[in-house]
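Consider the two complexes below, in which chain A is the common component and chain B and chain C are the respective partners.
Presenting the complex of A and B:
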């Protein structure tokens, strides 16, 4: 089984990029692969806990929690989230803050790397 | 020690945070010390991203914050290779003399101007392509 590392810049809810990333992560995890996600820039907003679910709307917090239980490793970029006034204790449970070193250490050993930039 | 090529494509212009993030990732790659891998980072500015390469940006005067030009200078000083797409520079009427450099930091290597065909070849050769 392989390791997939995904880097993403996109803000949540502003596009379907996150829906794609989380669906891809779910499919990979269910096939037994490891999945690691690096949140850079506005992507860090997705890590805030207490996202209110609305009927028939995306709710990424619940999806992320479900995927963490399946083994997803998802981290926030320290400088990016602090710049945005988001602190690690506000993150969804199980999500740590990391520096860019984490990203490069992990892509060095990954089998596949996918990076999704801003639209 | 294996060298892995990281190619960072920057399409956004300097009005956004994204070019800075791209260059930050390039400098981050160059600063990471791993046991058996080192990264060689190139930032390629394409589309309206080539506007980031212009010298004389007045970000500090207008907005009171560091602009992308300063970050490009720091990247050049950190051995990050900076490339700008020739066709896109031409599209915006930007000549090579209008591109920034880091000579005041003692760095002679400036921004390389490459045709899209060459950049495309580098995309194919890179170990990692990161889109910003």
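Presenting the complex of A and C:
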């Protein structure tokens, strides 16, 4: 089994990149791989807790919590989230704030890396 | 070395980047709205000497059927993970 690191800059809504990333992470975790996600730029907005489910169904927060329980490691970029006025204590439980050092360490040691830009 | 390019949209395929890409073992992975490229005869995606994959779940969520797909391999998330962790050593998101 291997380690997949995904970096993503895309905002949560207005694109289906996040639906793809979370489905991909789920499939990889279920196959026994380790998955790490680095949220950069506007991607940090997806990490805010207390998201109200849309139409009682669609909710990134619950998807992310479920994947964390399956072993996903997902972190927010410190400078990016602070720039956007989001503080670590506002993050979904189990999501820490990390600096670029975390990202470089993890892409250097990962088996596979995929970086998804903005839309 | 397996090199994979992910295409997730129908309109803003960075054709020039795709054209300038000079890789032996190239795969193009169509996801999200990128799956529509399979049904476009002169799509820039088809002009490359590349193996084309299309994500089954994204076809179906758009009411499209895997049976109507020719000249591309339909894969689900599970198979895509195998490709990514196996032959796709380098991956780029266009």
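Assorted remarks:
Simple rule for what comes next: the second predicted complex is superposed on the first by the 116 of 119 C-alpha atoms of A that agree within 3 Å, B and C clash if a C-alpha of one lies under 4 Å from a C-alpha of the other, contacts with A are read in each partner's own complex, and residues count from 1 in each chain.
Basically, a contact is a pair of C-beta atoms (placed from the backbone, for glycine too) under 8 Å apart; a residue touches a chain by one contact, two chains touch by 3 or more.
Because the structure is a prediction, the values reported are computed rather than measured.
Applying the stated contact rule after C-alpha superposition, one finds that A:20 touches chain C and leaves chain B untouched.
For chain A, the partner with contacts to more residues, out of chain B and chain C, is C. When both complexes are overlaid on chain A, the residue A:41 reaches chain B alone and has no touch with chain C. When the shared chain is aligned, no partner comes close enough to touch A:65: not chain B, not chain C. Of the two partner chains placed by superposition, only chain C is touched by A:28; chain B is not.
Once chain A of one complex is fitted onto chain A of the other, the partner contacts of A:100 are limited to chain B, with no touch recorded for chain C.
By the touch criterion defined above, A:115 reaches both chain B and chain C. Touched by chain B in one complex and by chain C in the other are residues 113, 115-117 of chain A. Residues 4, 9, 11-12, 16-18, 21, 24-25, 28-29, 31-32, 34, 37, 39, 128-132 of chain B are the ones that touch chain A when the two sit in their complex. In the complex of the two chains, the chain C residues touching chain A come out as 6, 8-9, 31-33, 57-58, 77-78, 80-82, 84-85, 88-89, 91, 93. Note for the complex: chain A touches chain C at residues 1-2, 4, 16-17, 20, 23-24, 26-28, 30-31, 33, 111-117, 119. Here chain A touches chain B in the complex through residues 7, 9, 40-41, 80, 100-101, 103-105, 107-108, 113, 115-118, going by the rule given at the top.
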